[in-house]
Amino acid sequence: MTDTPAIELKGISKAFGPVQANKDISIRVMPGTIHGIIGENGAGKSTLMSILYGFYKADAGEIFIGGRKTEIPDSQAAIRAGIGMVFQHFKLVQNFTVLENVILGAEEGGLLRPSLSKARGVLKKLADDYELRVDPNALIEDLSVGHQQRVEILKALYREADILILDEPTGVLTPAEADHLFRILRGLRDEGKTIVLITHKLREIMEITDTVSVMRRGEMVATVETARSNPSELAELMVGRKVLLRVDKAPAQPGRPILEIENLSHTDASGVQRLRDVSLTVRAGEIVGIAGVSGNGQSELLEVLGGMATATGSVRLNGHEIPLTGRKADGKTRRAQGIAHVPEDRQHEGLIMRFHAWENIAFGYHHDDRYGRGTLMDNVALRRDAEDKMKRYDVRPPDPWLEARNFSGGNQQKIVLAREIERDPEVLLVGQPTRGVDIGAIEFIHQEIVRLRDKGKAILLVSVELDEILGLADRIAVMFDGRIMGERLPSETDQRELGLLMAGVTEAPAGSGLDAVEESLRDKERREAARHD
Amino acid sequence: DPALIYDLGGKFDKSFNEAAFNGAQRWAEETGGEFRDIEIQSEAQREQALRRFAENGFNPVVTTGFSYSTIIANVAPDYPDTKFVTIDGYVDPEAHPNVLSILFSEHEGSFLVGMLAAMASESGTVGFVGGMDIPLIRKFACGYAQGVKAVNADATIISNMTGTTPAAWNDPVKGSELAKAQISQGADVIFAAAGGTGLGVLQTAADEGILSIGVDSNQNYLHPGSVLTSMLKRVDVAVYEAMSAGEELETGVQVLGLAEEGVGYALDENNAELIGDEMQAAVNEAQAKIIDGEITVHDYTSDDSCPALTF
Amino acid sequence: MNRMPAWADAVLVPLISILLAAILSALVILAIGENPVAAFSLMVEGALMRSTGWGYTLYYATNFTFTGLAVAVAFHARMFNIGGEGQAMIGGLGVALVALYIPWPHWTLALAGATLAGGLFGAAWAFIPAWLQATRGSHIVITTIMFNFIAAALLNYVLVNLMRPVGAMEPASATFPPATHLPTFQDMFAFGGTLFRGSPANVTFFLAVLACIAVWLLIWRTRLGYEIRAFGHSDTAARYAGISTVRITVLAMLISGALAGLMGLNTTMGEAERLVLNATEGAGFIGIAVALMGRSHPVGVFLAALLFGFLYQGGAELALWTDIPRELITVIQALVILFTGALDNMVRMPLEAMFGALRARRGPKPKPTSPRD
Amino acid sequence: MDLATILQVLDSTVRLAIPLLLACLAGLFSERSGIIDIGLEGKMLIAAFFSAAVAFATGSVWLGMLAGIAASMVLSAIHGLASITFRGNQLISGVALNFLASGLTVMIAQVWFSEGGRTPSLMTGGRFSDIALPFAETLRPIPVLGPIYAELISGHSILVYVGFLMVPLTWWVLQRTRFGLRLRAVGEAPEAVDTAGVSVAGLRFAALAIAGLLCGLAGAYLATGLQAGFVREMTAGRGYIALAALIFAKWRPWYALGACLLFGFLQAIALRYQNIDLGAFTVPVQVMDALPYILTVVILAGFVGKAIPPRAGGQPYVKER
């Protein structure tokens, strides 16, 4: 190791209109280290890294790569300087193959064939060196998020990047996938590559980084050696106040069954069976958590219950059968029956991004009498209601006239939660409630869900965060390949056992649970690949 | 000063409106007078143009195209001192004493070129290409078909319309295809009454070495030696005379047929070699008979039917 | 955000854009050897300085308002209705049938009946493309283009073979009975004088204004409008909320088609007082430009329709009194559409920078904000 | 129907399909890059005019074609300026270009030639003549295949062969070259192209330039291949039909060939068989006239199903809001 930092930023500033995303930021990252960057939503982490990658242009400041002052006006320059970046939202062409995505922009000459065959070779080598296996001929849209991310990493390595930036890479990964990613990152570090990792998860910072920087409101507030710090100190630096790192809740008092699901099956538009005879009961006053690697039917379960998809089988709500097909099997009817739904994808499902906050507050409930009785909607009532709810849920800024897209992800989620929870539904379906949400907001969201439970309502929670499931749920069901593999109580299980169930293994074999998950994931992949041929 | 209002096809349509323009132009050159003209762009402008010209003292106000008749009937009473001329349109002369309706016997002219077509045809099959499917064009087609049958009762007449929208007047590519289709069905003379579309027909006829017949103006010069003749409709004469008469124009209804030399066929140096003496003789004889009333050519628009052709 | 004041965006940008279009048009007029100043003053004189000029401007504006609203409503549901032309034709057919074959005692009743018929016929013509889009995924752009051609053929058939009075030359229906004649502006406002004399603007104009208000209410005040907009922004979110794709697609297109169909009132019952073959004259296509320029908002649509009405009427005056070819008007329209509709950012960007600089000079930079403030 | 008639219809199909095909491929390049182009009609029209005008003035059809291409590319450049540089609305820009071409062509034609918005008729040399392929006449006597070769395959103008060649060429460019890969990517995910260090605007302008070129060929074919001069509005809505064909073809070159041939065929049939007499009644010409459009709707509803356009189509690429 030398004394020359691999990356040095001096006095970087960047404003988007009046929003000062980065303020006079300086930072040094030594080669062969993993450097973490943490900060609340909107702290300016992504902006800073996008500047380093030439995606945005800084208003002021200098960049030094390997000790040399470097101008990075565009991504091409960044690539030339040996920088690779894996964005928070992947920059992949969905209907291209892995190979095509990898060579895009780094082709060798005018014809594709030589580039493709070269890339095929390089990819094979990278796969062997770093455990980065993906089928080079698979289409991106058929890959799981974890694999898409591997493609992004491969893209960077294919361009021979020495510096790799990852923006919230684990936000969409399962624990096993995250573990796998970290193994890859460590491997890369040991090769001498420099890695910058943006994340919201303190556990990950502690687990993998060598040094860590904390950002708040566009400023760099501290850079410390990870080993000399601890999670609560970092959390405090981030938020500027003390935060609670685990869910604080009383034991559940389950009452009568509210939601009874029996033999629920669902086949999607492309003919793949996504749910296989799922049976599950949710009682009043309890939170049932569904754990599982994403893509094993949890999303479909929520969609069917929320009225977004049709199914066979039976679902009873308070003892009454609800229709699973036909015109009455839609979200509108479900809401009227008392089923509220916080969807997994708030940006494409839960909210209309171009609607004002006050319009979104009624979304799905816009037929409600409280918003006017005749044909016309009572917009004044709507706005009053919105102001009310936004204040109660501490949505920032509490301005009902702002469009949904202008709120940060965490605040968008609060709007959705306020809308669904404040209805006092019998059943709350909630998917990935804290995906991409910062620590401060997570704390609040968890409290609200628990509060609804304590009012005697039934809650079905789907999350890929095992921490969240373990902390929040009163009972855990694990899904694999469209089936419920088993139910456990959080007090009587651990990550390892759940991991096995998530991999479709019911009795424990020798060896670590996570390896088994890995193995079974690979298995699943092979099956899926076969299906696509 | 006189004013001239063209139909939607526009001043330079190489046929009907252009003939009107030529007539006005001749009048201007010969008398040194001036006239205003307008190419309208929309239906509503018909009435507007009439009123604006009348208000501003233009007299007479000449219009081309049957679409003006109804509107002139509305406008004329408001400007009793102005004389209106509708070419191709009919306005009741009793109710509107300040309107002159000029009608052409296109069927008679078409009859003559039909005869020529039949005589020039070696295959016994002749074609007709119309523009948009409207009664006026059927009138052309019907007269033409009767002329053909008069010479050769066994002749086949292939009749096609280009389309049903105004675009049908400006689609020479379709005109070409129609001509080619008719040629492939044996036609060796094709009469095109289709505005700009007709140019495609004439072109293809020239390219494929068959004969074509132009319409309205004399189009013989477009492809010398290939255009057999043109069915003349002397709109130019009508306009010239209306403008020459000026404010003293006699109103009422004029029907310009063969007798009045309002319609006819074109003979000039471009097609002299195509039309032999006996052809000329036969046609002239028929012309005389029509004028005498010995032959009556059925007018499609009189009862919306045609004895020689089905639509 | 580096936004300029709302008034500047709403007023300054379009004004400067129109100015640019005017300057370019002037250059074109110069190039063909005419005097642009004279030409423009003739247009303004003819279209805005005389009551009959206004009568024509508003007549055209009525047409464009209806077709513009039609396109706008479909846009809100993220559908591109290119079929306004065909729907207007068929709407006109509906109007004509009702006006001709029902003995109306008074024009008010006739207007009500014809409004219903025009709307229904236009809606019906939009129904098949809408239904195919909703249930079969057949792209509405293609199907509506096809339905324009089919409508033209149908109308041609009906007029040439069925509705044309025997012996008449023109492919047009008989003139409507006097009881159905709508009061023109002259009838309403002239009181025997020459105000609006002979100009075609008629009560339908007020219907168009009402339609603007109705569309505004529909889109921003009703639940259906809420659902249409939600569906237009995100169909997955609509599914989440239980908004039926088929229902919204079909309803939005029915409304759109009905609005286009209502244009037939103005041309057929208001102006020609009979059904003529090319009564729509491309107003369906102008409607696209009008809706886009008006940003799919009824007020914007109305203003854009007025602008185009002015261009049409001003163009007619040019054609009357100068030797400028009528195609010049088309060129001017193209330039107006281009500058106000597509190149508006060319004006907006420098303006934004200018306002930003102004603000910076006037006060201290606004305090950097961040979401957590 | 005998062989000769079938050949005639197919021959006509080819002629009617080629302008559609060229315009359709132009639209394909543009829309695959994420720029919706409803200005195909206008580009074709202006190319038709300038190719005829310059061919008349110089007597060279090739110079005419180049002029047509140049004019069409100028419209493409305006479209690019509006929709790429200034992130304007692509639909409006296209509509405006159609109006512009419709007005400018007639206006300039009138100023230059005073023939009422037409160009004078072109003589040989100013027109593309039909090429007889080798041995066309020698092989003609061979039954079936002879006439097919001599009538259908041989005897078209060079642009017809160019048009057909464009199909595999387009496919090859899209699927086999670096440019094609980037072009497809920029229509699907411009941010992926941008972060890979390739200019989004550059690619899109290139695509529009190609679209301009192809529309130029289409216009030149109309005015100097099929016809001998320009007539106002002579494209007669073919740009819109090409657009429909493009959607029909799901934005793929070989499908585009199929779609355009189908449209051409339906039109050829409709032109040939008007007034079909069914004994009891005669099918009116209007039905035959509308038949291609009716059949398109039927086919679309029955067989084609949902067409998924390039994902980034119609939206300007914006990095910073």
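To keep things simple, chains are lettered A, B, C and D as they appear, and every chain counts its residues starting from 1.
Assume contacts are C-beta pairs under 8 Å (C-beta built on N, C-alpha and C of every residue); 3 or more make two chains touch, one makes a residue touch a chain.
As the structure is a computational prediction, the values presented were derived from the model and not from experiment.
The leading chain pair by number of C-beta pairs in contact is C-D. Computed centre separation for the pair chain A/chain D is 46 angstrom, with centres defined by C-alpha atoms. With centres taken as mean Cα positions, chain D sits 29 Å from chain C. If each chain is reduced to the centroid of its CA atoms, chain A and chain C end up 46 Å from each other.
Work out the mean CA point of chain B and of chain C, and you get 36 Å between them. For chain A, the set of residues that touch two or more other chains comprises 16. Annotation for chain C: residues touching 2 or more other chains are 1, 149, 152-153, 156-157, 160, 325, 329. Listed for chain D are residues 110, 117, 237, 286, 289-290, 321, each touching two or more other chains. Applying the touch definition to every pair of chains gives A-C, A-D, B-C, B-D, C-D. The part of chain A that touches chain D in the complex is made up of residues 16, 53, 55-56, 74-79, 85, 87, 91-96, 100-101, 103-107, 109-113, 115, 155. Of all residues in chain C, those touching chain B in their complex are 52, 56, 59-60, 149, 152-153, 155-157, 160, 164, 166-172, 175, 197-200, 267, 271-272, 274, 276-279, 281, 312, 315-316, 319-321, 325-326, 329. If you check the complex, the residues on chain A that touch chain C are 15-20, 23, 40-43, 217-218, 306-308, 327, 330-335, 341, 343, 345, 348-355, 359, 362-364, 366-367, 375-377, 379, 396-397, 407-408, 411. On chain C, the positions that touch chain A within their shared complex are 1-3, 217, 221-224, 226-227, 229-230, 233-234, 236-237, 239-244, 366, 368-373.
Contact residues on chain D toward chain B in their complex (touch as defined above): 4-5, 8, 11-12, 15-16, 19, 110, 115-118, 121, 222, 226-229, 231-234, 236-237, 267-268, 271-272, 274-275, 277, 282, 285-286, 289-290.
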